[in-house]
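Before any comments, here is the structure.
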Amino acid sequence: MTSVVATNQTILVVGGGISGMTAALEAAETGKQVVLVEKNPYLGGRTVQLYRYFPKMCHPTCGLEINLRRLKANPRIQVLTMAEVTGISGAKGDYSVSVKLAPRFVNENCTACGECNKAATTEIDDAFNYNLGKVKAAYLPNDMAYPQRYVIDPSVVGTAEGQAIKAACKYSAVDLDMKEEVVTLNAGAIVWATGWQPYDAAKITPYRYGEFKNVITNVEFERLADPHGPTGGKILRPSDGKEARNVAFIQCAGSRDENHLRHCSRFCCMASLKQTRYVDEAFGADGKSTIYYIDIRAIDRFEDFYQQVQANPNVSFVKSKVARITEDKNGDPRLWGVNTEGYIRYAEPHDLVVLAVGMEPSVKNVAIPIEVLGDSSGFVMADPANGGIFGAGCATNALDVNRAVQSATAAALGAVQVVSKVARGEA
Amino acid sequence: MARKEYAFYPGCSSQKGASASNYLTSVESMCKTLDVKMTEIPDWNCCGASISYAESGELPRLVMNARNFALAEQNLPGQDIVATCAACWLGSRESKERLEHSSVLMADTNTALKEAGLNLKVIPEVRHMVEVLIEDLGYDELAKPVKKPLDGMKFAGYVGCQTNRPFGIAGESFENPMYLDKLVESVGGTATQFDQKVTCCGGALAFSEPDKAQAQIKDIIEAAYDSGAEMLVTPCPLCQANTEVYQGQINKKYGTKFNMPVLYYSQLMTLAYGGTAKEAALDGNVIKARKLEEFAAK
Amino acid sequence: MSDMNQQMTARYKNNFLKEIEEQAEMGDWVKMCMQCGVCSGSCPTNFHSAWDHPPQELFMMIRAGKRDEVLESGSMWNCVSCYNCYVRCPRKVPITHIMHGLAEYAYRLGKAPKQQPTQFLSKTFWDNATKTGRVNEVKLTQTLYFKNGLMDGIKQAMAMQSVALGLVKAKRLNPMEAVGGGHKCKDIKGIHAMLAKARELEAQRKGRAA
Amino acid sequence: MSRGNLREGVIWIRPDTDAARETTQEMAEDYVRMACAEVKAMTVPAGNTNTGTSKTLLVVGGGMSGMTAALEASKTGYKVVLIEKTGALGGMAAKLWKRIPNREPFKAPMDNGVAELVAQIDADANIKVYLNASVVKTAGAPGRFQVDIAVESGPTVTEDIGAIIQASGFTPYDMAKLPHLGGGQANVVDQLGLETLAKAANGGPIKRADGKEVNSVVFVQCAGQRDATKEHLEYCSGHCCGTSVKQAMYFKDANPDVETVVLFTDLRMPGNNEDFYRAAQNKGIVFRKGVVSNVTGGGECKVKFKDLILNEDFTADADLVVLATGMVPTTGPDLDQLGEANRAAEGGNEEAKAQVVQMMSKSVLNLDYRQGPDVPQFKHGFNDSHFICFPYETRRTAIYAAGPVRRPMDIAQATEDATGAAMKAIQAMENAGLGKAAHPRAGDLSFPTARLEGCTQCKRCTVECPFGAIDEDERRFPLFNESRCRRCGTCMGACPVRVISFENYSVNTVGAQIKAVDIPDEFSEKPRVLILACENDAYPALDMAGMNRNEYDPYVRVIPVRCLGSVNTIWITDALNSGYDGVMLMGCKHGEQYQCHFVKGSELGRYRMSKIYDTLKGMNLEEDRLMDLEVAITDIDTLPKKINDYAKRIVEMGMSPFKGL
């Protein structure tokens, strides 16, 4: 049975992505007690699934490593993975929260030696790689996974394979009898940092995502470019594994669109500009990127990056919302539309199309198990009416990593204010 | 008492001797088998279609459709209006939307209707025959009466525009609607992978700008052949006429050898339900569907 | 310049956007366009035989006050009412209807291209349909063929003969309709009165001389 | 505590074969010896005793950001000193007629909200406000700053301060620099100028300076911004599109018939501001994608532009033209330029002296720091952080920037930004009080000390410290300000006489490990390669290589270091002298896109190493005996390969002649 030490002076942080980790660390490094719950078996959220950050082209794992070090060094933070908040009751200064813990089937004894993985035979979709690849049913979610412990997929529990996996572990770390459990804990304030999910590209029917193999999303493209992704960092298109040298990026795939997401997702322009760099690094002058856009929103000092990409002769910009995509016999996606700058019609084939899909909250405000105000897109709105609950990061707005961390730091203070009051006996 | 009853709006082209009379005949046979009662709206009038826009103006067009609503409301209370023609369905549904959205237009409309001694309070639901089949009956029900499945026959399901956009059939995508394929399959036929299923046939431009329209029709027929289809099947009279009757001219112009029959879903269903060539109005096809005629004869 | 054109230029001075908002069907949506161009790219006729000005460009021209270029353009007459633009527009602008509205308004002002075939079809169709309340397809085709006089009509008819014959054989074109036959509504009188009223009301609402 | 990394460092990177067993065993034994040696050389950090105890926050700047930071800190239970250079709180926001909406519905301009904040501050006993005031001197360190505040009348006041938030805001880019856009001509205003007119109109029709009611207005976006020629601002100020939309609404709301045109190249309305854009279109505001070539002001303004959609030149007439000029941050002098000027001035250059005075007059904080009076600037003069994951990091501990001085931003973001800055400042005060380090070695109790009797007053440590932690006393000895220190050890690496050390990290703790390695004789054919790996990126990369079972050469011995900046050359020369066949340095990327967690550490470290090559020559050793590698944390697969390649190279060069000497 998992035991959690928490009081009404504890801050509960929901979501272990970069925003949640930041909020938890900032509060803990200010002397507060924190419980951090994450639904994945590892911390880091969507940022770990990115290859590089704009505009520095640096690696998300770098910052993650620092944050993990801060976390390990800090006794005030308790981490619960594979955990989801199912209920919240009470009020500012004294919440009671129920958390559902899914079984990992691997306990603390795990040394990440990997023998269980060797013993496993079943392959399951690799969620970490957006199902672009497969993993064994006993797996380590990613290289920097924290906790550094394997996970066993429920599908093999109760099978001979499950027993084989158990037998393979020298440290009796495999526990197939683990059951789902629900813990109830106390908290004075809650930071809601459940982050975002990519908009479902299949809903943008003219682009035929899911029907045409060589139409993928921007988050999937990150995995293709990552040396630790399914293609070992080679930019190969899904249909035939051919090198994708001529890549199209379609902006506002779902965003700024009253048929889909009303809001502008802010990060996608920069993400695509960044991804043209991946193409450039992979193929140099043999690579070609075309960005189809409405407005390039490279806001504030990101403008520098935009101008650098513009200067690249292998990258072209077309002011146009692509009307539709068809598929040529050889599997090339063909883009149809009109460049509105001077009215030029095009029907352009590419090796690969990357849809710059937008952000929507992975948990809309209405889905939070206690009343929290939200905007028309379901992002949490800051408001006194939310009591001791503070939205952080992409749960509050479509943000890039830098802005999300800023938001999370601010949210942490809100929570600190509440529990400090409790400590002073003022609330 | 039939299991379903509707106020039927056949539309001009479906009248006896008109360009889609075979549509009407086959729909009647089909509905008979399915025990669906279609009562024609008494003294219904033309919807104005899309093409009348430049002459009609907005209100007169709305009023024409409003008259049909009023007549249905008066004579067939509580029944949904069902149209078989895409243009009729679209024109009526659009009018319904606009009238319900604007009290000004609604008031003006009633002022005008008064001149014809009519009055409109509640606008009935306006639905396409296909909606009735899919939503009120369902594919399983449509499969039940099949006596002679259309085994081994390949059809390209050509949905076209106006049964698909802007309203479309609930749950279907604008780019790749599947209902027509499912209808074909529910009566034992095979639907081919047809990538021009929602391409426009040129609509009214077939009359005013034949060259522009025929260029589009060519793409459609070509794709149908490429998909391995023997016949085209469609839910829309204008699509049917345009894709069927101009094949000869297109052959002349482009040196193609098109000779592909174009049928209505209702014709296929009638045949599968054991109907005769006559009941399915195969004689109404300009390009004869020999294979189906033989099938019907068996 | 037609009376109505004079009337409107006087009323709206050089504010063409406002003129379209108030006079053209669905014209008040023009301002909502954000120039993404998805409409221009979605138009089937634009890819087979280029429009001079695709929808989104027409909207920009309206904002730029290019009154004559817009109203005299043949572009909107190419609309086949396929609604691709409408369903894809991220601003839910009813582009199809605006195309119709622009064409209709240009025609009322007498600025539409002379002998615009689609405009002629539109008029023929509407007159035909409202005469008896239902379309008489034979008369409709006849009128279309003979629009440019007898000889031209016969040529056209010959050209379309195969088509016509096919339809006749298939009992989908009834020559009898040419002579008095064909379908009619019973209450033709009522329909005409109703339409007259509707035209009157619409003219009033748009402040036009009826 | 010391870690002998036997799993990731030995077992997982070696094949489990009889052939490998011997060398693997040697490796393991060495690591155990090294760990023991390190532990012997370490002492447990006692913690800094020279901690300040002040928990008062200083906020410089009384605008939206400053007021928010002050109020948030107060709400958390901390005292605040708020300094505003003008006679009233409110800053730029107070000059606005209305603000861009920051909540549903995003359809209409909102009240600027300043009055409400000012009222809250007036009513807040925790917040002490100084108006018409400025900071003339900031001495001390986090937790014990002594800040001298000059006020308009009366003597200078000194406050005990724990941490500082710089919210000194921005000024609009001077449109006089944009004559081609009509800057300076009649009826051509910038966005702030328009706000003044709107305030005067107070909701009624907006009139221009000559009293004429405005019936047509043109907004020119990106005026003097996004300028690739670098003649004007290179960046985008982020808020201007939203601001112009808001201002165009001022006109439409007062009179729908006013012609309002916005000329833009990319309309930047992120998030829910897309709805604000829609609302503007719905009000009839015309947006045109176009490039403006020329504006003339006067009675009837003319705006020449090319419409990029219609691909055609136009000239728009307007009663008023609004230029969306950008934000120029109020950050104080650029320290590098100031440094140069100072050197020139010391050389007696009169012009430079005047320049120094002029620059110093711009100072915001007047820090009494060896390295200059303000926070080092990042890009385009902003006080932003270079770290994407750590936006608040500045190079001056416990001094944080908030609002448009950190990065171009609108009020909504500035408010959030100020709240986050308050969080960091509060945290910094708490940790300073406990003698603990701030980010990235948060909580570290160790701190550097110097054996002054051995110091040669060379000043390298005081010059090189990336965080300006070390001053010089009157005798020019280094004066450590522990709570400014981030514990990177750059001072230790810099010290030529090796008098600087931490209790648990010193020339000895590493030196001892180097010596602890058993060096086989030259006939053994078993070379030894020393790897000094930065613990932030390189060492974790090696660990992950281990987790992935990426094998590498058994002859290397890895020692983690806090930062390449902390590497003292003596370690390398000692290693080579004692018979190591090669030394590899692994550190983070440096240069413009640096990844060094201590900003300058890896750059300084590398600079030092470049000097070693002479020493190598002196020892008759090949240059390749020393290898400097730039490592990213993702080099999990490439790093082992690079190690193996280097090991090969060593074998080619042959054993070191220094073995067994």
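Every chain is named by a letter (A, B, C and D) in the order it is written, and numbering of its residues begins at 1.
In the analysis below, a residue touches a chain if its C-beta (ideal position, glycine included) is under 8 Å from a C-beta of that chain, and two chains touch if they have at least 3 such contacts.
Everything numeric here is computed off the predicted structure, so don't read it as measured data.
J.: Looking only at C-beta pairs that count as contacts, which pair of chains has more of them, A-B or A-C?
T.: Result of the comparison of A-B and A-C: A-C.
J.: Report the inter-chain centroid distance for chain A and chain B in whole angstrom, where each centroid is the mean of the CA atoms.
T.: 46
J.: So, what's the distance in Å between the C-alpha centres of chain C and chain A?
T.: Chain centres of chain A and chain C, defined by C-alpha means, are spaced 51 Å apart.
J.: Measuring centre to centre with CA averages, how many angstrom lie between chain C and chain D?
T.: Comparing mean C-alpha positions, chain D is 63 Å from chain C.
J.: Based only on mean CA positions, could you tell me how far chain B sits from chain C in angstrom?
T.: That pair's centroid distance is 22 Å.
J.: At least two other chains touched by the same residue of chain A: list those residues.
T.: 206, 256, 319, 324, 340, 343
J.: Which residue numbers or ranges of chain B touch two or more of the other chains?
T.: 174
J.: Enumerate the residues of chain C that touch no fewer than two other chains.
T.: 34-35, 56-57, 84, 87-88, 91
J.: Kindly provide every pair of chains that touch.
T.: Touching chain pairs, listed by label, come out as A-B, A-C, A-D, B-C, C-D.
J.: Can you tell me which positions in chain A touch chain C when the two form their complex?
T.: 206, 252, 256-260, 294, 319-324, 336-340, 343, 345, 347
J.: Across the complex, what residues on chain D touch chain C?
T.: Spelled out, the residues of chain D in touch with chain C are 259, 277-278, 281-282, 284, 286-289, 307, 309-310, 314.
J.: Show which residues of chain B lie in contact with chain A when the two form their complex.
T.: Per the touch definition, chain B meets chain A at residues 173-176, 195.
J.: Touching chain C in the complex: which residues of chain B?
T.: Touch residues, chain B against chain C: 12-13, 15-22, 43-46, 48-60, 62-64, 67, 104, 108-109, 111-118, 161-162, 165-166, 174, 199-200, 202-205, 207-209, 211-213, 215-216, 245-246, 248-249, 283-286.
J.: In the complex, go through chain D and note every residue touching chain A.
T.: 7, 72, 75-77, 103-104, 226, 228, 234-238, 266-275, 289, 308-309, 311, 379-380, 382, 384, 386-392, 407-409, 413, 416-417, 419-420, 422-424, 426-427, 430-431, 439-440, 442-443, 536-537, 540, 544, 547-549, 589, 593, 595, 597, 632-634, 636-637
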